[in-house]
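Below are two complexes that have chain A in common, paired first with chain B and then with chain C.
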Partner chain A sequence: MALGERVRHYVGVTFSVALSLLVGFGLSSIFILAIGSNPLTAYYTLLQGAFGSAQSISETLIKSIPLIFTGLAAAVAFKSNVNNIGEEGQLYMGAIATAVVALSVPVLPAFLFLPLLLCVSFLAGAFWAGIPAFLKIRFGADEMLTTLLMNWIPFYIVSYIVSGPFQEKDKIRPQTDFLPDVARLPAFVAGYRVHLGLVLAIVACVLVYVFLWKTSLGFEFRATGANLPAARGMGIKVNRRMMQAMILSGGIAALAGLSEVAGTVGALKLGSSNILGYGYAGILVALVTNLHPLGVILSGLFFGILIVGSESMQRGADVPIAMVYIIEAIMVMTIITSQLLMRKLGFKWLTGDNSQSS
Partner chain B sequence: MLSRRAITRMQSIAVLVILIIAALGIGGWYMMQPGPGPGPTTTAVAAKKVALIMPGSITDHGWDQEPYEGLMKAKADFGLEVGYTEEVMVTGTPADYDRILRDYVSKGFGFVICHDFLCKDSVVAVAKDNPKVWFAYDGARFDPAIPNLLPYIPWGHEPAYIAGVFAALMSKTGTVGAYDGIPIHIEVACVEAFEMGAKAANPNIKVLKNYIGVWHDPKKGHDLVVSMADAGADIVYGVGDGINVGGIQGAKEKGIWFVGGTGDQRSMEPDTVIVSVSWGLGPIIYTLAKLYSEDKLSGTAYEFTMHTYIDGKQTGPDFLPWTDANASKVPQNVQDAVAKARADIMSGTLVVPLITQAPAT
Partner chain C sequence: MVDWGQFAIVVVGAGIGIAAPLLIAALGEAFAERSGMMNLSIEGTMSLGAALAFIFGSITQNAWIGLLAGMLGGLVIGLMNVWMAQSLHLNQVVTGMSLYIFAYGLSVYLFRAITGHTSTFGLEVPRFRPIEIPALLHIPILGPTILNQNVLIYISIVLVLILEVVMFKTTFGLKIRAVGENPSAADNVGINVYTVRYICLMYGGAMAGLAGAYISLAELGLFFEGMTAGRGWIAIAIVIFGAWSPVRILAGALIFGVIDSLALHTMVVAPQVPFQLLLTLPYAFSIAILVIAMKRAALPAALFKTYRREERQLG
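Up next is the complex of A and B:
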């Protein structure tokens, strides 16, 4: 892309997102008015909740980390023509692997321990995604179904290990003991929970971007996603690429589990993501950015703000919890539809759709 | 490309419609604006504010609904300002408790109750950071002592024992069932006491026990109760919220009796849920809010059993017997045995052992 074109592209993206946010908040305010609350007060408390203090900014970032990881995982898979909706289960596998390894192996120095946890959690998620990928390539099993169903298995493995072999020493709560300090992702500032996981998430997004757009292997991934028969015709080993994309996606999703267990929480607890949690939200995070790895950083942050802020709004502005879900749903719909509408209308440069230009 | 123009026009109209609706919404704001712009809504310092944080839904007839109702009753009775957050574990994760607790503190709440086992480390950290705010959570008696933090524990083993006596005598097949979500202390206490009660009433009774692994999933409860019925159980005791919503449906389908758990679940299916083992969570939260409104809280563990009296009134877990409508279905010998077990427990001649760890199987 020429420089002018690039500038115009980013202006267009910004404009399109700003417009859809405006429309989204406009639509949401109808619902807030309908229940007799004041939308301006509501949005004020929303922003207060997300940015009002150093503590709330830290909490907003904390909420974004797993969303960025699962969003990136979904983006990689969808971009390469595999519909991985098993991020939830892969996240759990990463969480389980992190907790089990950190609590079982002898204490190592942090510079060895953290890379070890990074590897085992990535491998656990990659393994879990590899099974449906294999079933798809070998037997044609629909990966949407298999990944979805495989979400439940790690969920119940967690339930078992937190009340069975790895339950805390007190044997009271459904959670493990806390990980040794050297196995924890260090926090940046004492007293605030935001931790190294944020950097890992952003680095992962950048690496995936570079891989997909700046390497020939990455090009083959994208070509497989853009047009399968054409990619096959070009001599790309599409089955192998889809399998690799799925495995990469699963490994990335598992890092969300690592970040929750070794970072935010410090222990594996029952419901560490929750079925219908970060895994599924990650798909939305990826979709609103048109599956762009760098966009995932922004949209992950946006969802973090939206979730933390709107829940705080619920507590401060006297609106029911259902309103939080309504606002979140409206936001996703307006962003996605605005992109589609603009593309249909021919404003290609407004949509952030750079698939032609690369 | 032939319909390019038509699509464009349709899409244009759609965009226009959305924009108009948005404009209406934005216009609506300003119409509704009460004078000054947005600002912090809390100004009164004097109002006593109590917040309740719950893992599940406030419509679950149990773990979450009863505390919510207790809080609302306290609000009406003592003029408290209240706030609540429900479904933390349905829509979020245990990592969220930290943020929610701090959010309530920043909104000026003086007493924050976190009604979950999994919030212990969060509530301990936040209580240490905010020594002027009271905190309570569903804890254990040997949790760390912090002056402004009070763990409360409903021990339901005594009513569960009575339920065991009742179930064993009601059973015609000689098999009864008991299930729960996760085998942790207060849950194990109930399931084990139920078995002891059943064995005391009928040494030959077969007790099927199961821990489902989750509290919020109705489908799992349903399927388990159906499988227990298929294994011969004709009365099943369930402890949990979502799993009991499903479990009761399963019992109804199979035409067997159900013993409700956590709260008063008799009203959910009066023809199926014949008795209920209540932990008295509503009165417990009500009592804590009352003590707070009277400045009488202290940072000790509040344990509730059938022997707990507050203001001369029994507060906490209890065995809720059959309703009058169902009395004819309970034979006289069963009624007598239940009355005797209850009297023995209350007088202290019968001490139900408190078992907090599931025996190895």
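Up next is the complex of A and C:
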């Protein structure tokens, strides 16, 4: 894109996102008004909860880390024509691998331990995503269905591990022992919980962006996603690219598990997947950015703000915590609809080369 | 010493109860998927159905009105999904996932907004209880397993047979399958793709609402956040396991239900057995069935594909 076009593109995107957020908060206000609370107070306490103190900013960032990883994972896959909705399971595989390896191998120095954990968790997720990719290419089994089905198997494996072979010393709580300090992602600001996982997540997004847009292999991934028959016609090995995209996606999703186990929580716990697991939420994180790896950083943060802010919204404005789900859903719908409207109205430049036919 | 015969009867009896909401939701989703639309919002829709059923069952003190309210709520979510995915051509993963979150949030929100309570503590709701006819209960094996369930279970078994006939023996069933297989061909022979999909998704949503209502009115007599506990997702797995046909879905739901029940009961009598690993089996089977289904072309070919009339292949 020419520079002027690029500027217009980003101005357009910013404008349409800002408008969708405004409409979204407007629509959400109806729900807040209906239970007799003041929407402005509610939104104020929401922002206060997410940004009010350095401590709350740190918590918001922490909540965003797994969402950025799973969002990036979804973006890579969807961008390359493989619809991976198994990030939840791949995240668990990463979490399992991290906990099992960290608690099994003899203590290594941190500069060896962390890269080792990074590798094994990535491989565990990549392996888990590789199975549906193989089934798709070899047998034509729809990857949306297989990845969805494969989400539960690791969930039960976690349940087994934390109450069986790797249960903590006292054998009471359903969790593993805490990881040795050298296996923990270090906090980088003294006194705050926010840890190295945030840096890894952002670096991963940048690397994936550079890979997809600045390398010829990345171009082949995107071409496969944009128009499969045309990509095949160009001589791109589309099956191989889809397989690779899926494996990369699974590995990235697994890093969300690494970040939870070796960073935020410090141990593998049962039920660390909340009801709207990070894996499922990550799909929405990716889709609202139109599958842009750098956009994922922003939308991951946005979801993190909503999650952390909703708790203070309940305390401060007496709005039930579940309101955050309604707000999230409305935001996703308004943003997606605005993308659609812009395309319909002929603002092709708004979505630029990110436009995705689906 | 465990009496294994008695153990088996208890496990199966409880398994049927666990299977019921899975079956009901899967019977709805099967029709949606047969028409070519994936409805990923079931989990949230079930939660909404459970909440509405409890709220209105409690207000009117009539479980049937509660049931109807749950179904209506589900129907509305199904309608929103098909409108966004089919009429607005939005990606079905986006619509399904966002409605899942929306319906989930709405269930907790409406409970609080309408009843003014934060929990069901202190609220009474009439329940669907097992019909206990003493004469029937004494029939060996059948008595304590399938003859002492609640009326909704018998209704859903009858429903299985009706739906099997609708899907495979009626013109409407043929239309649904045609639309899911090849929408443009179906359109060319005069089938209204939009109408068929609207009906299937609204019906599928209502069934998900009913499944939720079953959980709050028959199973627990309660409503709380997260009570559906992932069972909507399992229903999707059962649809695949049952290869999109109602009778096989019944079998699939029973297998899931009994394995789940077996795991729960094993936990009590033999805590050292890794029961969790047993719970992974149905998913592994479902994946195997999916691979076989692809070979037999049993998967609706147009599943996940939004139909655009202007892209119809004429000829």
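Convention: the second predicted complex is superposed on the first by the 345 of 358 C-alpha atoms of A that agree within 3 Å, B and C clash if a C-alpha of one lies under 4 Å from a C-alpha of the other, contacts with A are read in each partner's own complex, and residues count from 1 in each chain.
Going forward, a contact is a pair of C-beta atoms (placed from the backbone, for glycine too) under 8 Å apart; a residue touches a chain by one contact, two chains touch by 3 or more.
What you see is a predicted model; the values in this text were computed from it and never measured.
*Asks:* Put chain B and chain C onto chain A via the superposition and say whether they clash or fit.
*Replies:* clash
*Asks:* Answer with first, second, both or neither: which of chain B and chain C does A:52 touch in the superposed model?
*Replies:* first
*Asks:* Give the label of whichever partner, chain B or chain C, reaches more residues of chain A.
*Replies:* Result: the larger residue contact count on chain A belongs to B.
*Asks:* Who does A:85 touch here: chain B (first), chain C (second), both, or neither?
*Replies:* Second partner only, chain C.
*Asks:* Which partner does A:247 reach: the first (chain B), the second (chain C), both, or neither?
*Replies:* After superposing on A, A:247 lies clear of both chain B and chain C.
*Asks:* Tell me which partner A:258 touches in the superposition: chain B (first), chain C (second), both or neither.
*Replies:* After superposition on chain A, A:258 lies in contact with neither partner.
*Asks:* Check whether A:160 is in contact with chain B, with chain C, with both or with neither, and answer first, second, both or neither.
*Replies:* both
*Asks:* So, A:280: does it touch chain B (first), chain C (second), both, or neither?
*Replies:* Only chain C is touched by A:280; chain B is not.
*Asks:* Touching A:329 in the superposition: chain B (first), chain C (second), both, neither?
*Replies:* Once the two structures are laid over each other on A, A:329 reaches chain C alone.
*Asks:* State whether A:236 touches chain B only (first), chain C only (second), both chains, or neither.
*Replies:* A:236: touches no partner chain.
*Asks:* Chain C clashes with which stretch of chain B: 225-233, 315-323 or 333-341?
*Replies:* 225-233
*Asks:* If you lay the two complexes on top of each other, which residues of chain A touch chain B in one and chain C in the other?
*Replies:* Overlap of chain B and chain C footprints on chain A: residues 156, 159-160, 163, 276, 321, 325, 337.
*Asks:* Help me check something: in the complex, which residues belonging to chain A touch chain C?
*Replies:* 31, 34-35, 83, 85, 135, 139-142, 144-146, 148-153, 156-157, 159-160, 163-164, 275-276, 280, 283-284, 287, 320-330, 332-333, 336-337, 340, 358
*Asks:* Which of the residues in chain A end up touching chain B in this complex?
*Replies:* Its residues touching chain B are 22-23, 26-30, 33, 38-41, 43-45, 48-49, 52-53, 55-56, 59, 62-63, 156, 159-160, 162-163, 170-175, 178, 191, 193, 260, 264-267, 269-274, 276-278, 308, 311-312, 314-318, 321, 325, 334, 337, 341, 344-346.
*Asks:* Contact residues on chain B for chain A in the complex?
*Replies:* 7-8, 11-12, 14-15, 18-19, 21-26, 28-29, 32-34, 37-42, 51, 83, 85-87, 89-95, 98-100, 102-104, 106-107, 117-118, 120-121, 129, 140, 142, 182-185, 211, 213-214, 356-357
*Asks:* For chain C, which residues are in contact with chain A within the complex?
*Replies:* The contact residues of chain C facing chain A are 38, 40, 84, 88-91, 93-94, 97-102, 104-109, 112-113, 118, 225-226, 230, 233-234, 236-237, 240, 274, 276-277, 279-280, 283-284, 286-287, 290-291, 294-295, 299, 303-304.
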